[in-house]
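I have a structure I would like to understand better, so I am pasting it below and will then ask my questions one at a time.
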Amino acid sequence: MRQPAPWKLALLLFPGLGLILIFIGAVIYIAVAQSFGYYNLQGESGWTLEFWERTVGRRAYERSVSYSLYVGIVSAVLSVALAYPLALWLRKPFKGSLTVSAILKAPLLIHGIVAAFLFLNVISYHGILNQFLVSLGVFDGPRRLQNDDNAIGLLIMQVWKNMPIALLLLTGAVQAISDDVLRAARDLGAGVWARFRKIIAPLSVSAMQASLIIIFIGALADFTFQTTIGPTNRQSMAQYMDWFKERARWNEAAVVGVTLMVLSLLGSIGLAGAAQLIFRGRRK
Amino acid sequence: MTTTYVLNRGLMIMLLIICALWLIIPFTMAVLWSLVDPSQPWTPENLLPPAMSFYRWEFAWNNSLLQPALLNSYLLAPSAAALTLLLAMPTAFALGRYQFTGRELAKLLVLLPLVVPAFVTAIFFTSLLYQIGLAQYRFWAILFAHAILFLPFAIRILTVSFEQVRQDHIDAARDMGARPWARFRAAYWPALKPGVLASLLIVFIQSIEEFAIAYIVGQPGFVTIPTLLYSSLGQDFNRPNAAVLSLILAVPNVLLMLLLERFLKSANPALASGKG
Amino acid sequence: MAAISIIDLVMQFDGFTAVDHVSLDVGEGEFVTLLGPSGCGKTTLLNLISGFLQPTSGRIEIGGKDVVGVPPEARDTAICFQSYALFPHLSVQENLIFGLRQKGTPRTQRNARLEEIVGQVDLGAHLDKLPNQLSGGQQQRVALGRALAVRPFVILFDEPLSNLDAKLREQVRIEIRKIQRDFGLTAIYVTHDQAEALAMSDRIFIMNNGRLEQSGAPEEIYYAPRTRFVADFVGSANILDAEITEELSQGRWHVVTPIGPLEIQSKSAPRAKSLPICWRPETAIAGKEGPNALTGTITHRAFQGHFTDLIVDLGGTSQRLQVLRNAEGEGDKVDFSIMPHDLIFLEPDG
Amino acid sequence: MTGDTTSIQQRIDNMLKKLLSVTALVALTTPAFASGQATWEETMAAAKEEGEVYWFVWYFEDRFRVFAEQFTEETGIVVNIPEGDHIANIDKMRAEAGRETGDIDVLAYGYDQLPNINMELFAPLTMLPEDAGRVSTVAGVDGGDVAVAWWGNQTGIAYDPAKIAEDDLPQTPADFAAFWTANPGQMGFNYENGGSGPSFFLNILRNLSEANFNDGASSPEKLAMLDAGITFFNEHAENYEITTSNSDSLTRLSEGEFTMVPAWEDHMAGLQVNGEIRDELRFYIPEMGMFGGGNAVSIPANAPNPAAASVFIDWLTSPEIQTQFNSQFGTAPMHANADDSAALVSNAMRDRSRPWAAKPFRDTVEERFIEDVIFER
């Protein structure tokens, strides 16, 4: 690799990185400024910590932060954990593997909100799942499954929607691992788990990190799944921000928005770092 | 050999059953719901809707914004994919082929649009548009915003692709007197192709699904599939009408899926680059 | 007791028989080679022994135990791969002790073993490097060291030298053989290079179309090929279709061939009245001596240093001769003789 | 915007053409309306010249498109109804205020939002023909001369008469507590995405405290007065359910999951007319009172088609159309001369209607309810 002339580098970086910095920079600037009292739509603008103090002290704020982090991390880890065996299964083409991979990728093209609607239809109080389980005698009577307090329905939908992203990224990564390397590991006594832990995971760690980050950020800032199938006794951060926005309390919305940005960043670094540490480990 | 074969068969059958449960049952229920005639609602005592008609289908097609939404979304998404690719190429080239100070930082900064929640971006982007007086060019504004929002995917994917272009292939092409275009075809394109297709695909899907920007920048009148879905399927849905909309929107998606599967086959990195 | 016994092994893929009723024994500490052209089934046989494939029928015994159904990770074998298959994300040291880690060998023992292996394969200066920072020869040694480190009961070589240049290859051949002897390892070596097989092996198994054609010590294979295929594949041979006309005396026959009538002296009797015979080019003697004196026209001449290759036209056939010195050029007539004991009966075709 | 996109976006195309070519006309005519000089005939003529009107309303967009066809038949003016969201529409108007010409001709919004909106952003409606039957003040909020009511709505409790007799319907907080205890899980309400649930819990809180809900001022002391109500909800937390929205409540009531849910009268009637929920379901306003209100329409000062907007509002608030709204959508009519015989509740019961709790107090109460009740579940 060579070191290019600075002007040439700048020219190359401008349309991509340059535009990103200008565009997102402006957005971040306004959001941060608003959380400190600037750019008020109504009333006076000026530096104040009031909104941060008022919002951060709230239990609702703490709750939404910890709940969103929970949804983000669990969705990301579960999706990746589910995508790995599938990616390994589809590593070598076999009869019908294309059909399987098409079916697995179908959620990429079904709108999340449509899926949530269909899901709700199935699990509703008199929905087919309840009727089926009642007729089997598993349930005594219909149960309330929608908007469950443990967010299980929400996590199912998050994983359903996000797993294909991880699958797409991981398939490429595990296909790039040569057969001989895997056979060598096996031949030297590595069982299924050791092969994954010592060979496959370290060699696909960048794809794993990318999947974790993309899914984590999406699930952290989720609004549509949460408002349709999420638990009713929890609020996600996006929902909380929207709650402020609905009441034209922009500065507090900006506080939540800035928190969301910071958490996206820190969470991504954390997840990527953890993956690196666990799977790359002692690298000399 | 035979055991893996049996294993594959078993796993596949299991998967197909799960998918049938997941796809066939919900969609069958959606079909039934969509046929509920306004004269009588469908209640749990009845196995099938008591009165069925296509009234809701006709109504949805004629009176909702379904048609413009379909057109807008399916025009926006490919344009966004192409524009993103165009904008991503130079940066990805620089990141993938050159070594310079700050390269790692640049690779990290590229991810910025991903950490800013879409709602925040949408609101402040709109305000920006009003300030520079471009707010009425909605299509272009959304296109531009989508292109920038999804640049991280394209740049990161293409950077890896550019890294995989082998210098000896480029040198060999030059050695044989290839002009830049021929050199690109011979040395760059084979390594880039999977990445190009993958980023087109990802941006396309992201754009089709994107809600916040389309919703906030797009008003009034510029309706895309997600904004239409949100207003009719989100919190204020009623089952029969929502079912009609879900089914109508599933059709282009199924067609698209078949098309993309063909795409993906040729974009499969392992098939394109050989093993290892 | 044989270290490895293969008994009536069959491997079929979708109706194609890759290994066809193969039986063989390998003694402990023996270095044997599976030799054959690509597609002959030798690599399939290796994969069956290492456990990556499960046979359609037949048995494989390693150290007296039937291992069919035992997964590769549980078999006491180690492969040295053609592609080396080094773990690209692990340092040389980590690569070398990978197998020991999997076996849960205690640290002190692991370090001792590492030191020993590093000395053997001479990698002391590179332990912290990643595989892609090494030369091809060094990578090859890491692959060898990695396989040796687990002290396998059997070490399997899958054409390990084909990615090395010719000079290095000869040097590594000697190294491998030396280490194998030092450790007293049982080794199975797969190659399509007959020179490699002849130079390294205690015994050679020649495979063709999934079947074992012939096995034996290198000299035996070379000087007493049993079939047309073996004669042709190992070394070079002039093969002639012969018709036995009469048995002259005990162990002597008279035959008619396209290059003329010849007299053969053989310990084994011919298996049919018409059958192929062969002779090695270097057994030709210049001048007219003995019963089989011939004269042909040189069509091609190539000086090889320590001998000269001649292609001679004789009775419409091309015969190859290797002679120490010759003055004739292309187009000239040349006289030569074949001793009766240098002519070999092969098995009848079909 | 260039050709390739306009060709497929008929609606946008129309609007932009207007923006580009009719701006001059609008600039000329607007002052005339503002000063009230134009006669109604001149306004009608200008409206036909403009030929279309953009109505921003955040619900029933599909059905209003059909409903507005009779207006187009009468006047030849096309009504465009974009998809929208209540607050987003208002934000949009605010954001566009700086532009010479905006996108919105007629903005619909809830009366409870009016105190948050700068009324100077609207044009006065003084050009409308004199009509004493029109309603400008709803639930204690005065629309002045810029807002006029076109949609009246009332919250109450929807119930399944097959499961509960009319005489047993709970009327007071104590009645509800008794009902919950006797029938656990048979009532659900939402706390966001629609006002029916908030109307319910706010009225319980109002009944169980001395705080003045009509005064928007909030203070920690005033919020502390709600302790009894908060305890009331927490004590019975096991016995009621939380739903996600107005629609979710009604859908689940119709499917037999619940016995009763808070609902909007108009929303419920609309769903019944369309066969989306069962006809047998009934609606009442408990004696403890529930909130009622209405929605207003206004014309932004920078409306692109101000004359057509005026004509549309005149039509929308006419007695005939208000009668139709009552029968087709179940609204409380917003014209003195309209016929309300088709409504779900009797006129006597309408006395139980209360004006919405005043903001920002209402916000702080909802915030406390979420933190101290919802998050405690």
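First chain written, first letter: the chains are A, B, C and D, and each begins at residue 1.
The criterion applied here is as follows: a contact is a pair of C-beta atoms (placed from the backbone, for glycine too) under 8 Å apart; a residue touches a chain by one contact, two chains touch by 3 or more.
Computed from a predicted model, the values in this text were never measured in an experiment.
Least step count on the touch graph, chain B to chain D: 1.
Grouping the chains by touch while chain D is set aside gives one piece.
Centroid distances from chain B, each centroid being the mean of CA atoms, peak for C.
Our note on geometry: chain A versus chain C, Cα centroid distance of 56 Å, whole angstroms. Averaging Cα coordinates per chain places chain A and chain D 36 Å apart. The centroid of the Cα atoms in chain A and the matching centroid in chain B are 16 Å apart. Each of residues 126, 178, 227-228, 245 in chain A touches at least two other chains. Touching of two or more other chains is recorded for residues 44, 127, 235, 237, 239, 276 of chain B.
Within chain C, contacts with two or more other chains are made by residues 83.
Only residues 1, 5, 8-12, 15-16, 19, 54, 56, 59, 61-63, 65-66, 80, 82-85, 88-89, 92, 95-96, 98-99, 103-104, 193-194, 244-248, 251, 254-256, 271, 273-279 of chain D touch chain B when the two sit together in their complex. The touching residues of chain B, counted against chain D in their complex, run 36-41, 43-44, 59-60, 63-65, 68, 71-72, 75, 126-127, 130, 135-140, 215-216, 219-223, 227-228, 231-232, 235-241. Of all residues in chain C, those touching chain A in their complex are 50, 52, 71-74, 77-79, 81-89, 91, 93-94, 98-99, 102-103, 128, 146-147, 150. Looking at the complex, you find that chain A touches chain C at residues 178, 180-181, 183-191, 194, 198-199, 202-203, 280, 283-284. For chain A in complex with chain D, the touching residues are 41-42, 58-60, 63, 124-126, 142, 144, 147, 149, 227-228, 232-235, 243, 245-248.
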